[in-house]
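Chains here go by letter, A, B, C, D, E and F, matching the order in which they are written, and residues are numbered from 1 within each.
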Amino acid sequence: MSGLTLLAGTANPGLAGAVASELGHPLAEREAARFPDGEMHVEIRTSVRGHDIYLIQPASPPAEEYLLQLLLLADACRRAGAARLTAVMPYVAYARQDRRGTGREPVGARLIADLLATGGFHRVVAVDLHSPALEGVFTLPLEHLTAVPLLAEAIAVPGPDAVVVSPDLGATKLAERYARQLDLPVALVHKRRVSGAEVTVRGVTGDVRDRIPVVVDDMITTGGTIEAAVAALLEAGSADEMIVAATHGLFVGEAVRRLAALPLREVLVTDSVAAQTGELRARRVTLAPLLAEAIRRLHDDRSLADLLVHA
Amino acid sequence: MSGLTLLAGTANPGLAGAVASELGHPLAEREAARFPDGEMHVEIRTSVRGHDIYLIQPASPPAEEYLLQLLLLADACRRAGAARLTAVMPYVAYARQDRRGTGREPVGARLIADLLATGGFHRVVAVDLHSPALEGVFTLPLEHLTAVPLLAEAIAVPGPDAVVVSPDLGATKLAERYARQLDLPVALVHKRRVSGAEVTVRGVTGDVRDRIPVVVDDMITTGGTIEAAVAALLEAGSADEMIVAATHGLFVGEAVRRLAALPLREVLVTDSVAAQTGELRARRVTLAPLLAEAIRRLHDDRSLADLLVHA
Amino acid sequence: MSGLTLLAGTANPGLAGAVASELGHPLAEREAARFPDGEMHVEIRTSVRGHDIYLIQPASPPAEEYLLQLLLLADACRRAGAARLTAVMPYVAYARQDRRGTGREPVGARLIADLLATGGFHRVVAVDLHSPALEGVFTLPLEHLTAVPLLAEAIAVPGPDAVVVSPDLGATKLAERYARQLDLPVALVHKRRVSGAEVTVRGVTGDVRDRIPVVVDDMITTGGTIEAAVAALLEAGSADEMIVAATHGLFVGEAVRRLAALPLREVLVTDSVAAQTGELRARRVTLAPLLAEAIRRLHDDRSLADLLVHA
Amino acid sequence: MSGLTLLAGTANPGLAGAVASELGHPLAEREAARFPDGEMHVEIRTSVRGHDIYLIQPASPPAEEYLLQLLLLADACRRAGAARLTAVMPYVAYARQDRRGTGREPVGARLIADLLATGGFHRVVAVDLHSPALEGVFTLPLEHLTAVPLLAEAIAVPGPDAVVVSPDLGATKLAERYARQLDLPVALVHKRRVSGAEVTVRGVTGDVRDRIPVVVDDMITTGGTIEAAVAALLEAGSADEMIVAATHGLFVGEAVRRLAALPLREVLVTDSVAAQTGELRARRVTLAPLLAEAIRRLHDDRSLADLLVHA
Amino acid sequence: MSGLTLLAGTANPGLAGAVASELGHPLAEREAARFPDGEMHVEIRTSVRGHDIYLIQPASPPAEEYLLQLLLLADACRRAGAARLTAVMPYVAYARQDRRGTGREPVGARLIADLLATGGFHRVVAVDLHSPALEGVFTLPLEHLTAVPLLAEAIAVPGPDAVVVSPDLGATKLAERYARQLDLPVALVHKRRVSGAEVTVRGVTGDVRDRIPVVVDDMITTGGTIEAAVAALLEAGSADEMIVAATHGLFVGEAVRRLAALPLREVLVTDSVAAQTGELRARRVTLAPLLAEAIRRLHDDRSLADLLVHA
Amino acid sequence: MSGLTLLAGTANPGLAGAVASELGHPLAEREAARFPDGEMHVEIRTSVRGHDIYLIQPASPPAEEYLLQLLLLADACRRAGAARLTAVMPYVAYARQDRRGTGREPVGARLIADLLATGGFHRVVAVDLHSPALEGVFTLPLEHLTAVPLLAEAIAVPGPDAVVVSPDLGATKLAERYARQLDLPVALVHKRRVSGAEVTVRGVTGDVRDRIPVVVDDMITTGGTIEAAVAALLEAGSADEMIVAATHGLFVGEAVRRLAALPLREVLVTDSVAAQTGELRARRVTLAPLLAEAIRRLHDDRSLADLLVHA
């Protein structure tokens, strides 16, 4: 596999190492430290001249740090003669800031996309972005991989009485993708305005009575959405043992405490983000084979079609 | 209002004229014809040097024609010394092509956005785009206006027993915006997989029994979505008299015939697109005051905040 | 010929197929249809990752349609990992709009050139553009091929008494190129102001008496220029049997009727444009060998020098 | 006329001063010297912050020097806070290199145009470019002024028996413009292939017998074209006293000697280029009023339509 | 002062407030917080449409945070219709990474400069950058202000026996600027190789015996340079009471402890960076008047010449 | 070495030929002449399609000529299908104009860097630029080679009593690099303000008594700096026989006369610039092996690390 360089920032060394193992190709040596004044210093220790470089770095929190480190590494590669530069970002922060919401806000997703273009990348690889519409936001060509097959395969399906549940409207298409692979029906938790006054309730659409819900989402941040979905499902008569699966487990704030208190048989996330889950025994499904396969095919100029989100 | 130029392509002369009337400012004289070989010829008849130009042209079907005409007019303006060039596009085609869906497709929305940037515009004004996430797709700053207040005000609300209905998941947030203004509850027609097999049914979430539905969507193209929603609503026991409101009435293919066959008390659309509705007595709510107010404020450097989609 | 992809839009499937046959390399499968709302949908059916792609699409009338389709196909290729993207455009519309003529007009040729650059192409192949000066208008490198050798060879030269005729000043250099290959003298039809008053007449410069004119031009649109030239030639005593040759046969409006009424022994055009000639028995000289040879050499990194217009 | 800055390089101080006088507005003080190592040093002595700057500098030979000086001055203006930067280039070198002629050549005209865009200019003002098609070559908006009215007015028309003569095909449209203003007919000197062998002769089309030719061209470089035209005209029986008019008088090489030897009653050129004409008593018609009027209108945002080449 | 907006990030609210007070113009209300997942959220509370915006934010450590916040604020301004956007960055991180030093490193300074250009700024205001050569690194026009006059004026000059000392070669030109204003001689501490072996010593050039050193530098980071300079000065017989002045006081790591242990009569820094100095009684000279004056003149289109570094 | 093209402008044919000899690869045939009107004409005589092109052209005086020629050659290569284009510029003019010094000046170094980027180059190779910080000024990746090892090796070291001397502060780091290779100590000539009044003297820091100075600098222009350094060294008691070494020998103005009058045992420069040294017997150390090795490795995608300036 001559001419290939795997390079990693410091955001998720475990995942980067696992990708390298899958590929049987070592990570390029590099330095990534800070000067006493807090500025980052990066340096690549091997020649990358003419190489096809895959820079593995999720933009997970603190995203500003990992983004700037990614851009510095890219600049070093570019100046050192890299032939092609691909950002492998299993998690992309600011993906939800894809519009101005309440007023004079930035469109953070576009800013991140533009910074990557400025940084000299030729291509971006991401996994289960918050919205497929982010493809249009990226100036660079985007390979939008999906971890749904990996996660769906890892779920110990609890029998034909299970039901895939989308915890809000935004995850409905994702739930359909899980359901297709698990051969299960779909239900939907939704917030809805029920009167002229500003009253909204959370209800469940679809048959969940006595069924075991498999609640799926693209990411778990504070755990609040899952917590509310579980309450709505119990109220709708679902089994009181559930499964939760999400591609990105950020587990920020009260997330671990909240989820640990719910009747969850299993919580599955990938290792896209190197977050700690403490008391919560979340199962990590590794993205390494998926990312390695994508890198292998990109380097060999073969189609990625069956690895991509089709939405 | 010195230094302002209103210019229109041929896509929707009625709307352009109405905007000009609202502003009390004439449309600039221009030629827009075709040479014998089919190439378009445009020419602006008055000096635009140093002017703040608003080029009114929805990219409605045939979008390729109106887009290229828009770009030609913009080039003429730029070369003739325009100081600022704003594309006022009440309808933007290709907005739904914001991702690669099933495979090696283009991201049409981004292409259109990039062509507008190449064309020398400084800013785009649009109305109720298919998705608020298109803001990130546009390279140019986008003023994303909404016609919901105009349409909601125009609806003859049939009393407290009405209910705003989203005909599919994609229109849910739009339905909430109508509901807030009309002080009504929201129901939702949705397609859902009901078993492990590939069986999907259309159901209704929310209380519609004996209520008069106000079905809302961003646009009416073939009328198929409305037709299916009406069937689902009737099956769910709604009143058999309904109202339909949508910002963009394209009415392509069988749309007019289909809608005319439904128990619709009223169909409301804006004049964003100059489509014919034939036998269907659709009511047109004009966008002219909204666009005129937006132009007035842009020209005067005043805030548009209360005219924008907040999503 | 690994790594090569031939792709065609819908503008001239006959020519695209002939080029593929020449190369012994199939056209890539693709979809090119319209959605019910009139938006174009394109999709490429085979992997193009890492490929050197030649996208065959003349921008013939309706140019706006074929241009946007070309740009959509290019975007699909770029996002799917194309290594190099060449627009093979045997006919390029708007080539005559290379200046502002009478006033505040666009420079359409430059706009088209800029759209192609925005579309992600790396190179453009064209044939007998209206003016060699368009090379400077194109931002992308341009391979300006010429069909003159093909056409000249196809002309059944009527003997040493023939004369190559340029029907107006603009075609003079083209006529010289034909004359060199056919080993014939050149004459020139010209409009000229003959007095202080606004009186212009069409005269003939050069010896045409009793000679058989071979009238050459870059394109035939309405046939008006040819019609006037024939009249002037007859008046100047030429033989009353003539030959007409042009690279691009658009035959718009009254062209077929007009030319059919003239004493033309033969009309030769290439298949750059897929126009119908009805009652006029125009002979088509195919560009397929020329385009195939250019593609073969570009793909193999060999010189195109002897295929290019030298002006 | 607040906010206006007139700035000049060293290419044509006489013309720059005359423009300043016409406008009643002094040239900004600046330094333009060379360091001992030959590098140019420029510095602007007055504040230009927020100003609308007109940088007067023909790119006459040695064009590389005047171009780089122009770019250095522009960079100084841009960094010093210029609001708008217009290159006033009465003569633009490399305009004839608008295509690759015989092979692997640059397209010099486009390179110059791109360097001006890189240099931070917003607009270019030029006079009687070699070809109107250069408008498409320029990335920046171009104001293509014409000196034909000034020159035509300055010609002492020798009576109704005069005839405007184009000395080659390229100047035909220019000759028409002179003829319209002078109310005279047009004749044309042309080179033409007269047999199958490579034999070309120079002939005259149009009635010149006993008429006084007014030979017009866009520029006089070596004088060779004029010399040959005069010979052809005399052979065709014209009066043996002629007038020559051209916008740009470069008078390089043998030009002065050649023209001095011809039966020319008068040679008129503008002061676009600061060339010496020695023994040849060429009359200089100053461009100052034209350039001053263009600057005045550009600064005041008024139309330039009647000052432009219409081609 | 209509049309002016002052906006501040969170890097140095004290300085931003002081600038606003100096200008008698309030800071625009804005939100700058973090979402639970750690992403930054910014929003501007007042209309900035058509405004000339000055965004005050030093890129002090943690630079990645303040830089991304600055870019997000700029994006919000740009989309909300800002007419002009100036980054007022009294401190610019990564300024020393202006070359690849030991190998395959990034050029961090250029990356920062390019991110600012991508972010939509029109101009950058900085103070005493590590090297004047950074002006060429910035793509955007840079106003390189100097705090030397403010600091020099604030130094209680200890009499004619004082001497300005540059603690290393890099600060020599800075020392000359202090010396000119304080009317004092200059001495220089330098490291120098003293033999063929790799032996370097720190010596003092210039007369410092019994003189009171005024040690000046552009910034104080760890204090190590100052500590070594003080030792060299004492060894060279200087007075044992010194003054230290630097524009940027970052005081990272051991800096406060180190400097507190030295025989320093006074340490002067500006408030460019909001660092704590704890036990070290460093005197802060505020940049507010300088920045306010620069903003006032930029807004009014007046020259900044006398506020700039001349090097 | 297939696919490699060496191409040279006219600035330094000797060096270009030597590089070609070193590589055993001929210079590509090209024309580089002037038209009668002074415009440059370049043309490449062999196919460069798909080639990796190294364009050898120092931007030595007259820099404007060699720069424009370089850009014209690059444009020809780009249009003719070059795959990669590297500017090999052993000398880069305007490198010292990297900041605005006394006022409203351009930043010439950045302008040159931007022109090279506009010209379509992918990479620049330079030798011992005036300042390592120019790496950040270049938009394109820069390979900053050093001739110090070549020159140091060529110096006939006069024994252990020699001392490397930096003739001013700017060359100190360069002197250290020479000293490391020659295993010698370093001394420093410096100008310094010695009192409150504007009095500066030139002194020597470091032990030079009876030692033979090896005065080193990046370039020799007028020889003034060397002349002053020699005077200071003699006054400080150095040996009265010295050696001078510099990468770039421009020898402008009085340089040759000045240096010939000094007690110099030897003057060493490289052949980066094709200047004449007349009576001064300067020894030329050729850069050809260095440039050839850099080109060989770039073409083969191997590391250049040990050939670069590390600063």
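Note that in this section contacts are C-beta pairs under 8 Å (C-beta built on N, C-alpha and C of every residue); 3 or more make two chains touch, one makes a residue touch a chain.
As the structure is a computational prediction, the values presented were derived from the model and not from experiment.
> Give the pair among A-E, D-F or A-C whose set of contact pairs overlaps with that of C-F by over half, matching residues by number.
The chain pair with the recurring interface is A-C.
> What whole-Å value do you get for the distance between chain E and chain F if each is reduced to the mean of its CA atoms?
33
> Nearest whole angstrom, what separates the Cα centre of chain B from the Cα centre of chain D?
Going by mean C-alpha positions, chain B sits 50 Å from chain D.
> Based only on mean CA positions, could you tell me how far chain B sits from chain C in angstrom?
39
> Quick one: which residues in chain C touch 2 or more of the other chains?
47, 79, 100, 102-104, 107, 110, 305, in rising order.
> Which chains touch, pair by pair?
A-B, A-C, A-E, A-F, B-C, B-D, B-E, C-D, C-F, D-E, D-F, E-F
> Contact residues on chain E for chain A in the complex?
Answer in residue numbers: 36-45, 47-48, 61-65, 67-69, 71-77, 79-80, 93-94, 96-97, 100, 102-108, 110-111, 114-115, 117-119, 221-222, 250, 252-253.
> Sort out for me which residues of chain A touch chain F in the complex.
Contact set of chain A toward chain F: 3, 47, 49-51, 78-79, 81, 83.
> What residues on chain C touch chain D, complex-wise?
It comes out as residues 98-104, 107, 109-110, 113, 131-137, 144, 160, 169, 172, 176, 179-180, 182-188, 190, 192-198, 203, 205-207, 305, 308, 310-311.
> Which part of chain A faces chain C closely enough to touch in the complex?
123, 141-142, 297-298, 301-305
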